[in-house]
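As written, the chains take the letters A, B, C and D, and residue 1 is the first residue of each chain.
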Amino acid sequence: MASQQTSRVERLLERVAAFMDENVYPAEALYKEQVKEYGWTKAPPVIEELKAKAQAQGLWNLFLPDSERGYGLSNRDYAPLCELMGQSPIAPEAFNCSAPDTGNMEVLERYGTDEQKREWLEPLLAGTIRSAFAMTEPDVASSDATNIRTRIERHGNGYRVHGRKWFISGAGDPRCRILIVMGKTDPEADRHSQQSMILVPMDTPGVRVVRPMRVFGNDHAPHGHMEVDFDNVQVPASNLLLGEGRGFEIAQGRLGPGRIHHCMRLIGLSERCLAIMCRRVKERVAFGRPLASRDTIRADIANSRIEIDMARHLVLHAADMMDKVGNREARSEISAIKVVAPNLCQRVADRAIQAHGAMGISQDTILADAWMYARTVRFADGPDEVHRAAISRLELSKHET
Amino acid sequence: MASQQTSRVERLLERVAAFMDENVYPAEALYKEQVKEYGWTKAPPVIEELKAKAQAQGLWNLFLPDSERGYGLSNRDYAPLCELMGQSPIAPEAFNCSAPDTGNMEVLERYGTDEQKREWLEPLLAGTIRSAFAMTEPDVASSDATNIRTRIERHGNGYRVHGRKWFISGAGDPRCRILIVMGKTDPEADRHSQQSMILVPMDTPGVRVVRPMRVFGNDHAPHGHMEVDFDNVQVPASNLLLGEGRGFEIAQGRLGPGRIHHCMRLIGLSERCLAIMCRRVKERVAFGRPLASRDTIRADIANSRIEIDMARHLVLHAADMMDKVGNREARSEISAIKVVAPNLCQRVADRAIQAHGAMGISQDTILADAWMYARTVRFADGPDEVHRAAISRLELSKHET
Amino acid sequence: MASQQTSRVERLLERVAAFMDENVYPAEALYKEQVKEYGWTKAPPVIEELKAKAQAQGLWNLFLPDSERGYGLSNRDYAPLCELMGQSPIAPEAFNCSAPDTGNMEVLERYGTDEQKREWLEPLLAGTIRSAFAMTEPDVASSDATNIRTRIERHGNGYRVHGRKWFISGAGDPRCRILIVMGKTDPEADRHSQQSMILVPMDTPGVRVVRPMRVFGNDHAPHGHMEVDFDNVQVPASNLLLGEGRGFEIAQGRLGPGRIHHCMRLIGLSERCLAIMCRRVKERVAFGRPLASRDTIRADIANSRIEIDMARHLVLHAADMMDKVGNREARSEISAIKVVAPNLCQRVADRAIQAHGAMGISQDTILADAWMYARTVRFADGPDEVHRAAISRLELSKHET
Amino acid sequence: MASQQTSRVERLLERVAAFMDENVYPAEALYKEQVKEYGWTKAPPVIEELKAKAQAQGLWNLFLPDSERGYGLSNRDYAPLCELMGQSPIAPEAFNCSAPDTGNMEVLERYGTDEQKREWLEPLLAGTIRSAFAMTEPDVASSDATNIRTRIERHGNGYRVHGRKWFISGAGDPRCRILIVMGKTDPEADRHSQQSMILVPMDTPGVRVVRPMRVFGNDHAPHGHMEVDFDNVQVPASNLLLGEGRGFEIAQGRLGPGRIHHCMRLIGLSERCLAIMCRRVKERVAFGRPLASRDTIRADIANSRIEIDMARHLVLHAADMMDKVGNREARSEISAIKVVAPNLCQRVADRAIQAHGAMGISQDTILADAWMYARTVRFADGPDEVHRAAISRLELSKHET
């Protein structure tokens, strides 16, 4: 059985790789042009064409484990596929495997009612709408969920959502129809029972996109990382997920897979940066010698190879743990890769940039984007510091006296 | 005498500091808005207002040493002033002390004819026009000047310039009137006599701005880092600087001061990032404690303080050497700070960003801009690798047997 | 089959762990005392007692793969056992699995004649004698084997060995009876056919131990890293291993396993340093709080945990590659761990030392020894630089055009 | 005046440099041999010869600022002299400027009675006896002085000292006659008034040297870092320094100069390591090229040069601050160099070691000793962590709201 699954995954990997070569990489430049052309008004048509092709080939929704709606892949199975998709910024969406939708689909799959699934999960799985996850707030340290100020209050037959969120990724997309909002239903409850999650359709009165937050100056249109205001937004009680006070529990369930997907993609992106660097230094001549003949460049390449391989082994191990003992028991492993992968990719991208000189920070390679994405993930879904604290707590507890 | 000069510089420092507090910092937000409004079409009006005020107060052209047109400050005198200006991205231009104009003015002052000075240096010193320096090329490693492909050929009564440049900072500015272009007059001459420099007015037929090169996605309008094509551009022979084959010599003369100014500004920018970080961590609470109470944050702050102070001492020492033994003899010291300062600022900005979380990479602080500027200078005016090579060569030569 | 082997290895691991707890750790202090008492004159009696116990329990010679004389363990099987032994400096010898004997036994097993095996391999496997490997020379960079100057010349019926070696580990041990010496039989042959290896009994006339080389001041008696002079040492022709000109080939065959064993032990030693650190910081109070409550200490612990786990995965992967595709094909993986493991252990030991203050560098913990061992392996069996060069060469070759 | 002093210091520097070249460096090997010969029984005769020569030339006690007994040098004057002495492990003692005697002489000079000065300061200044400073204790974190357990209790006409100290540097020297012991006279007093310091002659009954503490295995005979037991040691009341409860105050006064001297010496030692590395890599050939042609080696050399220069500027600045505003006001600067210098020297020594391979850790260069000394100072006189905490506290206080 194990080997049947192994060869199934290997075939999938070949098919995804072929799809990347034939369709994804060649479309990157056009995607960028269309973004420039359409801005916030519509998604680049080329991505819809890619999606149609991938769906037609059955390369679709590969991410969802333990579900009839998914592909039957474990986290360990999915890891190399996700890594491969990570090599192109536009690939994950082409396969309907992109954040934040994957996390939101997981939430709906695990915790949604049949009604919620019909209304939101199905179109998301079909790739006809997109979604966002509204947790981070502007005025508080959101790495500590107890700081959240947004209120979700019982009001009439439903709930009233009031507060301000920012860096809500994907909320700028014209296709984005639904938000999963985290807020407090009971600020007096104990620490981990104050929060709830609720579904808020984008077109609900009182939901207002204030501005795009920029990432090193970039607005990432049409996706965007928006500041969103919720001004007494009224939604039906049936929009609540799982129950009052269970927001923290859902967040934990959501974040494990979300984090590991980021890490898998970052491994792939690191591989691409390293490949770009290798090709560059073989061609580039300075002071009479190709850069590839320089020991410092070679040390950078060797260190990148070593560090990528180590990070990959750690990610695969964490994925395996998640499959075998569950996300909760694997939390130290998940925290470990969450520290490792973004720092790795930032470092590999930085080396590749330096080997390129000015071109490395320009629009003519993906290196600058890779660097910025990696830098961002160093605090997204929990900053390095919080993850290190979690790991050390578990490590020290092994030596209880 | 020494102490008279010292107290003169101290008074200047106070006046520049006061001007920064009263005029520059408060204008930063408006500058950003006006950039958004006017884009490439015109410079933000607020900068012209700041320039007028600074000029009225006599805080103008502080950078030019050894010249009647300058302020009579040595490099060592100018260092703390330049550092202070570096604390705000808009300050250097307000005092007419911004790159690349300062370097270009130095070139005209040192190597220009009276005619060239009258036509270009005077309006630059008056702040009524701007300029750019066209050296870097897209297809070759420009850190090795012998790679340059642009041709400057005798043609009729003048010279014909033909080639392609990119990352020409300031060439996007509607006020930019003049380019100093580096190219080869004699590719067969010996290594350091192939290049010449020539003045090319922006409006000369054949000069075409191809596109803005982006820096981590940003176009830096209205300044810009442009790709510029020179298609058989004809200029009079009198536009040549100093003489055929002397381009390398001019470049060396220009780069020393240019590099140290970058470094001084980066020290100032590092100070500002550290101050922003300190204020943030005192206010920000996570997991029940202000971030300022965390040992890791405190270690970051202490290391930043230590590293900034070390870098400053090194910059002051290099400035002093330039004054005393000249740019050429001080080249190891200049290379040293060129390696140190950008890496320092990148590191300090990175720590400050991490302490801010998402806000740190957003448009709401200057941290992201600081980081990107620092990262860019790690290869601008010679990558770290080239400077380290120069330093080690001198170090090893001390042990000749 | 796979799972039968897996559970066999698991049982072995439990037995080795139990032996460590019951016999090895409790003997460490006595070992140190006996070393002080006997110096170079005889091996500490306690190690012979441990060997007798381990042999009686069948925990003996676990290292030798692919041999009837061995335990039937693959490199992958042996890895966790070797890691465990690495936790104590005296454990490897207790299980007859210590360097340089393991490497020498592998050489004799793979390349020795029946006669050579009877005379030297059998007593080595029985633990009744010890051996050394004489490659490194004082006057040349031995990382480049073509630099070797020792001559092995045909003379009469045999060979005459002439030259100087140093850092010959184990050659100080009174039980050391045999040296495998690398030298040149034909300096005119092509690069990799100049060297041969030959067996030289310690008591051969002309073999003289000049002095112990010190490692950070320590002589490591009775083992020692000796400078050894070979003054026209005559041995029979039958002492040559494999054939003239095949020394480089044997060295390659020997170094793969030797390197991975070092790495496995270093992982184990890192684990022990981390455990010592964790226990220390929970007990140690400064400025009113246990060190374990400090974020910087916690970051050190988290980073150590992460880095150890990554290194272990990489070592296990390399061991697996050696089993599946052979040492030659796995050379990039072996080089990778050879860079990673010593640096890891040095770093983890350094953090543990810092958390201990003065005690950390004293004789009262194993931290100082761990640090020095790790530092030494950063150039033993090929310095980091050579391994990085090998990795980058392979990486760049993937992008041949 | 300033320039008269400057030229006086310059002449001194030349004389010290000449003395080093003519007398000190040539004696290093003999010193090592004599240490091996005499062990703990007597100081190497060669050091007494060096002392006699230096004293005869008036190169003696250069360290003591603000005292008639000293040389009239400020801290800033002394810095380059101390740096130069730091280049050889045996130089400081040759000039009677070695720790811990310099610190102890400063204590006696600042806080001693005439009687105490006559009995102990004069022979110390004459170099006829040596001394030690007993603060660190085995069972507590001594970086926090309130942890100290040794008791100094009124008893009869005098005081009774009871406790255990370790790492008492110099207490192994047969010439060591006097200890300055820190202990608590009143454990109930407020935090900084509990401690006192008292003079305890080595031959007082109850003083027992328990064992030498080893530093990475080395006992540093005849100097030594001893564990010393004080078993109800009775001394006259007149042996108390300054007064009960003033031990913390004296310690602060002693540690400032002590720390900066360590740092100056470490700069000098770093210079020597770099010089050794440069000479080595020019001679050493591997894979057909001298190591000096390798970019990684060159980067190491360049970084070492840069880092040494930065550290030196910081040390000079701190010395200047101590002269101008006093040790207390300069404490952030002192803490800064205390973090910088040992880490610098450890790093430079590590690079030099790596460029040497096995020779680098052997007895054949001073690199291993340099590395160990630097590593030790990373926690001696306050670990890095405590100094960083002090710096960050001052930095954060600049932003009080």
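One rule holds for everything that comes next: a residue touches a chain if its C-beta (ideal position, glycine included) is under 8 Å from a C-beta of that chain, and two chains touch if they have at least 3 such contacts.
Worth saying up front: this structure is predicted, and the values here are computed from it rather than measured.
Asker: Identify the chains adjacent to both subunit A and subunit B in the sense defined at the top.
Answerer: Under the touch definition, subunit A and subunit B have C, D as mutual neighbours.
Asker: Farthest chain from subunit A, going by mean C-alpha coordinates, please.
Answerer: When every chain centre is compared against subunit A, the largest gap points to D.
Asker: Just the number, please: Cα centre separation of subunit A and subunit C in whole Å.
Answerer: That pair's centroid distance is 44 Å.
Asker: What is the distance, in whole Å, between the centres of subunit A and subunit D, each centre taken as the mean of its C-alpha atoms?
Answerer: Subunit A and subunit D have C-alpha centres separated by 53 Å.
Asker: Just how far, in Å, is the C-alpha centre of subunit D from the one of subunit C?
Answerer: The mean C-alpha positions of subunit C and subunit D differ by 37 Å.
Asker: Name the residues of subunit B that each touch 2 or more other chains.
Answerer: Only 294-297, 299, 385 qualify.
Asker: Which part of subunit D faces subunit A closely enough to touch in the complex?
Answerer: For this pair, the touching residues of subunit D are 294-297, 299.
Asker: Mind pulling up the subunit C residues that touch subunit A in the complex?
Answerer: Against subunit A, the touching part of subunit C is residues 274-275, 278-279, 281-282, 292, 295, 297-299, 301-303, 305-306, 309-311, 313-314, 317, 332, 336, 339-340, 385, 387-389, 391-393, 395-396, 398-399, 401.
Asker: Flag every residue of subunit D that touches subunit C in the complex, lowest number first.
Answerer: Of all residues in subunit D, those touching subunit C are 136, 138, 140-144, 147, 166-167, 213-218, 225, 284-287, 291, 294, 296, 353-354, 357-363, 368-369, 371-372, 375-376, 378-380, 383-385.
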